[in-house]
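Listed below are the structures to be examined.
Each of the next two complexes has chain A plus one other chain: chain B in the first, chain C in the second.
Let's look at the complex of A and B:
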């Protein structure tokens, strides 16, 4: 499983809100708390399209809110 | 919410959401043969145009380029080869299949670590404000659903002092050349598409979309509205293509 490049992660934002993203390495997803979406990473390529994203569950949103964002 | 917004899909007027889907379909279908078709259609001239784009850009070590709609990595590789030390490219394309083709080709060609692949929409870039030195879009702006939105996003992600460069088909002024070019475009290109990529409709779309793209003066006006300064347009091959340049100051 190719990792996402840290330098790429540095400048990635949510395409809808332009807000920060949280990298979930285990799930290979980029989470946008503000948009309530999880963007998939496929084969190391972040898929930053709202149409392809998964809506976050309530408990995931709560967890993101509790944890200060990186 | 219902929206009545529409966009040109070649010569057809379609709802904006439908446009995005249709263009996506075109590139899904032609991805594997995309670079080969470009060579055949243009007699290899697209390579000279891209070389001129890189020439205008003057890549420098340490620069970060965002190449939008750059699926197969053609511009990215040229940039890295010219810029040398520490230059990096993020290739961003809305079409995942085009990126896969580009990345696979890069692995074959032993691409350096300088190139990163990202799936995103030119109209809603997943890239932070003022974060890149150069933005390029080669033969991509024509396929975007809302050109002003894409230009505004380009301006947003560029650092102050950063440069926007667009290589795109343009308008041919000379009447004789235009007649030959039109004949070639409408009689030959869709047949080539049918023969090589087994897809006549995709290449019919291609030639129609070229005719629908804003003329040089109009695109310059749109770039101004998006906030760009020092806007220039340089026609290539009698205006068959053009390089549009602007700066975020």
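Let's look at the complex of A and C:
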């Protein structure tokens, strides 16, 4: 599986909030706590479209809030 | 944004669909994009500077990357397109994005190159502002977009044919940006020293149907929200093709289509 480019990850933000994203490597998703969305990464290509994103479940939001974002 | 908002002329999903279709058709009508990318590469070559990180905004199948051929002072090019099908064909790293909600942190790029994409933006002031913010201080925006004279002959023929055969005209050709507006828009978005000029390319076709086939192969077919959903009747299209041919000046019964390209150069203010 092609990995997403780490230098690209460094400059990506949530397109809706411009807030930080958390990379979930196992799920191949970029999580935006503020927008409550998970953007998919397919074959190493981040798909930064709100209408392709998955709404976060409550426990995922709670987990993101508990963990300080780097 | 309400779906009925009259200011949102273009439908982002339709644009993605059209670009995906262009990918499926094999990107076999890329000549205007190749020319735009070559022009951008040439203009970049005149600016003797290094650009450590650049964004290819509207990468299609990598037409800009091929024109640069590893040159132009660009050390690292990130491909970006609204269509996943196109982003997959471009050199990595690649990202899929919405033209009006850009996913980049402030001060991420030294350069943004954009070959023929910005004419699909609804909120051009908003997108220009986002582009300026994601440029580093002193960063450069080099872009081309289709201008208001693009496809004027097709536009006129379709409107006249619709008025004749359907008793009303619906928007059929995109309302391209007006050359005069762009300098002010760039300055309001915080860019300095904007330079704007226009080129005109006349392309001749066998008939209006061949032109429309090419537009689909380019992914440049009409993506307006208010487009009448019912199929434009065969009769209307045939009449438009007739009107187009009757007015066209090309020799040998061929028709001419005008493509106006607006070129813009603008800088993010130095730190």
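Keep in mind that, in the parts below, the second predicted complex is superposed on the first by the 70 of 70 C-alpha atoms of A that agree within 3 Å, B and C clash if a C-alpha of one lies under 4 Å from a C-alpha of the other, contacts with A are read in each partner's own complex, and residues count from 1 in each chain.
In the analysis below, contacts are C-beta pairs under 8 Å (C-beta built on N, C-alpha and C of every residue); 3 or more make two chains touch, one makes a residue touch a chain.
Small disclaimer: the values here were computed from a predicted structure and weren't measured.
A.B. asks: State whether A:64 touches chain B only (first), chain C only (second), both chains, or neither.
C.D. replies: Neither: A:64 stays clear of chain B and chain C.
A.B. asks: Considering only the touch criterion stated at the top, classify A:53 as touching first (chain B), second (chain C), both, or neither.
C.D. replies: A:53: touches no partner chain.
A.B. asks: Does chain B (first) or chain C (second) touch A:37, or do both, or does neither?
C.D. replies: neither
A.B. asks: Chain A residues touched by both chain B and chain C?
C.D. replies: Chain A residues touching both partners: 5, 7-8, 11-16, 18, 42-50, 52.
A.B. asks: Once bound in the complex, which stretches of chain A touch chain C?
C.D. replies: For this pair, the touching residues of chain A are 2, 4-5, 7-8, 11-16, 18, 42-52.
A.B. asks: Under the stated contact criterion, what part of chain B meets chain A in this complex?
C.D. replies: Touch residues, chain B against chain A: 88, 90, 94, 96, 99-100, 103, 116-121, 124-129, 131-132.
A.B. asks: Using the touch rule from the top, collect the residues of chain A that touch chain B in their complex.
C.D. replies: 5, 7-8, 11-16, 18, 39, 42-50, 52
A.B. asks: Flag every residue of chain C that touches chain A in the complex, lowest number first.
C.D. replies: That would be residues 13, 53, 76, 78, 84, 87-88, 92-98, 101-105, 108-109 of chain C.
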